[in-house]
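Some notes on the structure that comes next.
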Amino acid sequence: MSNKISRRDFLKISGIGVTAAAVLTGCGPASRYVVRQSYVDMPEYNQTGKSTYYATTCQECPAGCGLIVRTQEGRAIKVEGNPNHPVNQGKVCSRGLTSVQGLYNPDRIGGPLQRTRGDRSSQPLTWEEAVSTVQNGLSNPEKTAFLLGLMPDHLFDLVTEFSETTGAAAPVRYSALGTLEGRATLLAASKKMYGTDQFPYFDLSAADVVFNFGADYLETWLSPLAYSRGYRKMRKQEFGKRGYIVAFGARQSLTASNADEWIPVTPGSEGLVALAIGQITARLKGQTIPALFAGVNLQAAADAAGISLQKLQQLGQLFANAENSLAIPGGAALTTSVGYETAQAVLGLNILADNLGKPGGVFLAPGTTSTASMEAVKTLIQRCLDGEVDTLFIHGCNPIFELPDKLGFEKALEKVKTIISFAPFEDETALVSDFVFPDHTGLESFGYQRLLAGTDRSTYSSIQPVVQPVHNTKSTVDVLLAAAAAIPALSANLNYTDEVDFIQQKISSLIQAGGFFTASEMPTFWSKWLQFGGWWKNAANFGTPRDATKLDLELNMNTPQKVTEGEEFHLVTFSTQMGDGRGANRPWLQETPDPQTTVTWNSWIEMHPATAEHLGIMDDDIVEITPIGGTNTIEAIVYLYPAIRPDTVAIPFGQGHTALGRWAEGRGVNPAKLWSETTNQAGELTISDTLVTITPTGRRRPLARQESRVGVYGDGEH
Amino acid sequence: MDTSIRLILFKEDQINQASDAIETLHNQGIHDKDISVISGVPFTEKMLGRPMAWTRVPLIAISGAVVGFIIASLLNFLTPNLYKMYVGGMPLTPIPTSIVVTFELTMLGLLIATFLGVFVEMISPSYGPKGYHPKISDGYIGILFSCPAHIEEKTCLELQDLGAEMVDPEEVKQP
Amino acid sequence: MAELLKEQEETQKWGMVIDMDICSGCQACVTACSMENNVPFVGEDEMAYGRGLQWMRIRRYWEGEYPEVTPTHQPMLCQQCGSAPCEPVCPTFASVHSQEEQINVQVYNRCIGTRYCANNCPFSARVFNWFDYETPAPMNSYLNPDVSVRRRGIMEKCTFCVQRIVHGRQQAAAEGREVEDGDIVPACAQACPTDAIVFGDLSDPESKVSKMSRSDRAFKELEELGTQPKVIYLKGGKSYGG
Amino acid sequence: MAADAKSLLNGRKTAHVETEAEELRKEHLMLDPMPRDEMNDMVMEAMTTTTKTYWVWVIGFGIAVAVLLFGAWGYMIATGMGVAGIRRPIYWGIFIVTFVFWIGISHAGTFVSAILRVFKAEFRRPFTRAAELMTTFGLAAGAIYPLVHLGRVWVFYWMIPYPNARWLWPNFRSALEWDLLAITTYLLSSTIYLFLPLIPDLAMARDRSTGIRHFFYKTFALGWRGTEAEWTRLRKAIGIFAFAIIPVMFSVHTIVSWDFAVGQVAGWHSTIFGPYFIIGAILSGVSAVVTILYVLRKTLKNMDYFIRLEHFDGLGKLILIFSMAWAYFFFNEYLLSWYGGEAAVKQVLTLHATGPTAWVWYLMLICNVAIPWLFLWNKKVRRTPWLMFIITLLVNVGMYAERYTIIPLTLGHQRSPFDWGIYNPTIVEVSIALGTLCLFIFLYLLASRAIPLVPVWEVQEGQMAHSIRKVGKTEVPSVTELE
């Protein structure tokens, strides 16, 4: 079936994209951009009444899925998946689908502007003034700092090059999404256990038994569409084989609810459980118990996790007896003080299961990456506080919203002389910046993205504008290059005429690198690159993880924090379709119900009905949530969630914006306000260690849920 | 022949005298067609010894019902075929639903025609002597008759003997 | 009647199979449907009052008791009933059966908004335009030109992406061939990350939907009402072997 | 006969009569005749007396209609149906509830003047007109709702079958189309049925009025003189109507019930809905007649002569009977649905009785069953007009609750609990509902001063047929068959 789609859709891509045509006709760089034209004078590829399809890459999260955007009369109409793209193979998630609502968002910033920090009003600037402002900042490289998002894209490469040539500090990267995924911890543990700086790829498709320790791989984790495909294949294996999934976690995520079994373990005890399972497995397999698993006391582990020893034994048996067992660490399990150890223990289970590099086991996704750890953010904050940063460039990241209040980032910003935000929307950070030089949104810009997690082959995904820029925005890469060009010291090293030139130079090595298409020279390669949505290898070239430790390491796995029953609660923050919060201004993301609760347009706090009854709280009551040892409180509306541990409450991330436009502002709460600023061994925020108390406020507010309030809990309960 | 239209009145409880009066008129050679009885309450013709009044209301009513039935049948069985539209797995012209429409429209035709019958007959020219007096609606029974001049006096006297109240011909006019 | 049935058999019957075993409940189909079909968003207050306009909804029921509690997710959309209860009750033929596609079509232009069809739909698959929903400029730029934008006072519902069906047929005709299985994919099936939604021609016994609909896991929602739904669900569930 | 009438008239004039006969006369209007001219004067006086208070009420209700009904409706048309409280899955709310309510009320006139006429229930005579007016105005108020509840009322005429540029005829398989036809038929025929017996009374009013009133009455009296031919055709027409309008009346409320019963909604799809609705409608209609009679008697001049305790008594008995019949149908419907065991239906029934809105269900049972049964067996209660006023108001509250249970509360709890919803009527809906009540009262207020509210000729006809007859040692009323 998918073959047919691809043929049909590719016919419609009509060979060559907008800019490719311009390049082929030999025009100068300026005409690489689409020029605004009247409807009566549309270019020939924009036939009235006929759709034109462009391949590009989704910029809503770092997964880098390939898109095909249907355009008509110069408008982006509908986002569809690129059927040939190795990550998503024609599929697309809610976030990608709503990216046109970002493109055409009425709350976008129309052009470069200057403002007094914190003041919503602003003065417009010209791009010349903007470039010279950037130039001022860049001319003093030691005193600059870059804060970027997680995308491994061309901007990151350019900034990295800039810092390498000038000796400026390397760009700092942060995204709350990365924190919620436990990305840094996973990468650090993977390096420790498997020896490389590569993301492990967990091959669900052929696994018999999957033990999932907290990864929300069907929702937001690393590359949800790639993992959803794996999930499907796992359920539909040959000869009717249907893999068995066990999910561990204090809160049942959508991913966990699609597992066959959900084990509600105490937050922070996942590592102990993994170790215990390892010990049981090793024993059942008749192996000598490796040092990694030897130290754990089964009974203690079961007690700490809040499950029975019998259950633990049973799980161990399940894992040991399966032909292809797989263990996945991620999410809330990794964002604790023992997250790093937990990740190692879980990755160690895979070594024990002997599945490295085997179908249904663990592979390494092609492409190395550096961790984006909280330590770097902390260093940046320190630099700011020390007055070492004169100019701070912020792109693709909204630190005011995404970082815990306790880190003091906002305070540190006061010491920075010039803050330049490249945000296309008035987000919280853009509001406290001196300048906002809005970048294009993903569907208007050029670029590429190196894919690091969800692909089985080396992949560069191409980004091209599918429509003319809606506003007077300018690509950040162009701004930086234009500024650099005026600085002799830089222009010598950063010898790129503009963004497209930069991209072409960067991808020129791919021409002969053996992708699924070849070309003799750049223009042809470029046109195919744009047409197909990127470049990738013909066949899978997974890396095989090494067993770097022989499971000889011993882990010092602390038992999880104890809570006073009925008074203190573990707080789990989970990611939703809002991603790192930037989805909140897409009305259809707001209106698409949360899969588990069907709540729309707001935040909620999930609480077990028994807990709520104990506290005298009803559905839709507003409660005040106070972190233990903290003073910031937030108020959230209670959702009685039957699939959560009674000693745990959970809040989704992404709402609670104080800026970001009409659909995002003043809606819900931001749990980052409660997070502790401590980090674990891998430099990850230990957000899942947050303990809170709950106080009813006596107020109510019905959540905008799609479900009925009664009758949905099955027979008997309601 | 010279005639004049006279009206005599009886009180509502003088129905017996009124029927006697009509008989007197008959005896005087005045035909039923020259006599009209008007009253504030209905009396049957038999009470007054009069021939049955003529009306076509029932016939008109039936015709209306037939028209309604035909219209209903056209709506039911013709219009769905003009622009065929299939709904809910039903045939184009299902009988059960058409019965409802047929019933309503037949009744509508019947009832409207009944009214039209009354209306048309009311505003149509009528036979018999014309004339009216407001006392009729006070319950009086009025007998209108066209009387040849030569027997007028005699008749009037006879009627007065029966207790009839003679109305001045000047006052007898159409309402 | 017999003629009618014969006619029905001869025409194509579009159908959908939803495999609930691999449907994760991620709601991508909901967003995809809304973006494809110009479904307006209504905002928090209206959503809270049950006036969301999603043509597709994932019904989520909790089953079991903690800790064995788990939700079931069932995508619910217009079932395109062969004997649709919504159709005969419409006084103006706004809800009619398309003889060409064998689906239930809602003709927006004819709808006067009695909402009878919506009451009569046992699947609650129909939604009503309570207001005129403005999409503030320039956001209206993304509206799909193939799909009417509905004004206030009319019903709407899933169309099986009829614009895509028509387009697929035209495309096939232009290429001088028959419509092949898989040529036509509605937005939900196209987006579905796990390919749990499959669309095709049920009257073709070799089509993927036909094959899947013969699964012993297949069932139709509220089949006992006799509405002959064209959406077939494949029973899912934990530890079910199929 | 004439002798009887004469003696009665004389008897009335002489003060000395037996107490028994006097009591009978006091009790029965038919035995208490009055010269026609006096009766005419009484009716004319009632019709033409307009006090300041009356005009305050008229203007007050006129403004209320303009604001509550047309203001709120206009606002809703301009804004969208969303200003009403309906939502998924409850697409019909107060509009349809009130619609059914008014259609029910409209059964009053037909029932009183057609069925009671056919069966020669003589006590009907003085208030047939008042009841028929209720039918017409109730229908007028009710017929607004099919328009009000349309999402696009500006194209309502697409439902009307006529050759049109759209090449499209309406769908005669839709119960709403039947509704349109049935209500049109019923509205037209009940208006005519109001008008036909009115003609002689209009002639009466014509004879004793001047100016604009005279012109109005003269026009509408169609030149009525009261000739034998005129009486004959009137009698024939009324005869046809009395028989033909009864099935129409049954069909109207049956079709209203089919709006629900043909649906697949659990709790609606019941074969007994037709008669169940008809009985409910008659119960509510007859109750409303009592309510109106009480108000007329209180506010209109000379009405205590025409409307007597015997009428409250008789209507009270009817209400009791229909309350029992309604309870029978209700139980029948409930038991069989419950026994049938279809899960969805059972769930709906359970939720009616135990859900968050169970009070509506109990209100229905209390007002429709408990109150009539507890009070109306008692002759003293039936003969206490203010008590009857309260009881009949409560019966109509109960009937409103019944329709509310059947429509929004049933729709809210259908087969999929995921979609269940609670319906909260909004101020706009309530305003429109009250607006039609105001419209009804407003029309009634105007009509009470525009047309003779008592069919004088019918009363006189009745009085002429009645007499007191001595049987043994007592005196009893007797009726002479005049027709």
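A, B, C and D label the chains in the order they appear, each numbered from 1.
We adopt the following convention: a residue touches a chain if its C-beta (ideal position, glycine included) is under 8 Å from a C-beta of that chain, and two chains touch if they have at least 3 such contacts.
Model, not experiment: these values are computed from the prediction.
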>> I'd like the most central chain, judged by C-alpha centroids against the all-protein C-alpha centroid.
In response: C
> Taking mean CA positions as centres, which chain lies farthest from chain A?
Replying inline: B
>> Quick check: more C-beta contact pairs at A-C or at C-D?
In response: A-C
> How far is the middle of chain A from the middle of chain C, if each middle is the mean of its Cα atoms, in Å?
Replying inline: 31
>> Quick check: how many Å separate the C-alpha centres of chain C and chain D?
In response: 45
> Roughly how far is chain B from chain D, going centre to centre by Cα mean, in whole Å?
Replying inline: 29
>> For chain B versus chain C, what separation do you get between their C-alpha means, in angstrom?
In response: 64
> In chain D, what residues contact two or more other chains?
Replying inline: 168, 171, 173, 177, 417-419, 421
>> Quick check: what residues of chain C touch more than one other chain, meaning two or more?
In response: 50, 52, 57, 59-61, 85, 88, 90, 93
> In chain B, what residues contact two or more other chains?
Replying inline: 85, 87-88, 90
> Within the complex, which stretch of chain A touches chain D?
Replying inline: 706-708, 710-712
> Across the complex, what residues on chain B touch chain D?
Replying inline: 12-16, 36-45, 48, 50, 52-55, 57-58, 61, 75-76, 79-80, 82-83, 85, 87-88, 90, 94, 97-98, 100-101, 103-105, 107-108, 110-112, 114-115, 117-119, 121-123, 126, 128, 132, 134, 136-139, 142, 174-175
> For the complex, which residues does chain C have touching chain D?
Replying inline: 46, 49-52, 57, 59-61, 76, 85, 88-93, 110-116, 118-120, 122-124, 127-132, 152-155, 222, 225, 227
> In their complex, what parts of chain A are in touch with chain C?
Replying inline: 1-5, 8, 49, 72-73, 75-81, 88, 90-94, 97-98, 100-101, 103-106, 218-219, 224-225, 228-229, 231-232, 235-236, 240, 242, 244, 252, 254-255, 257-258, 260-264, 470, 577, 587-596, 598, 600-602, 608, 610, 642-643, 646, 667, 702-707, 712-714, 717
> Can you name the residues of chain D that touch chain A in the complex?
Replying inline: 413, 417-421
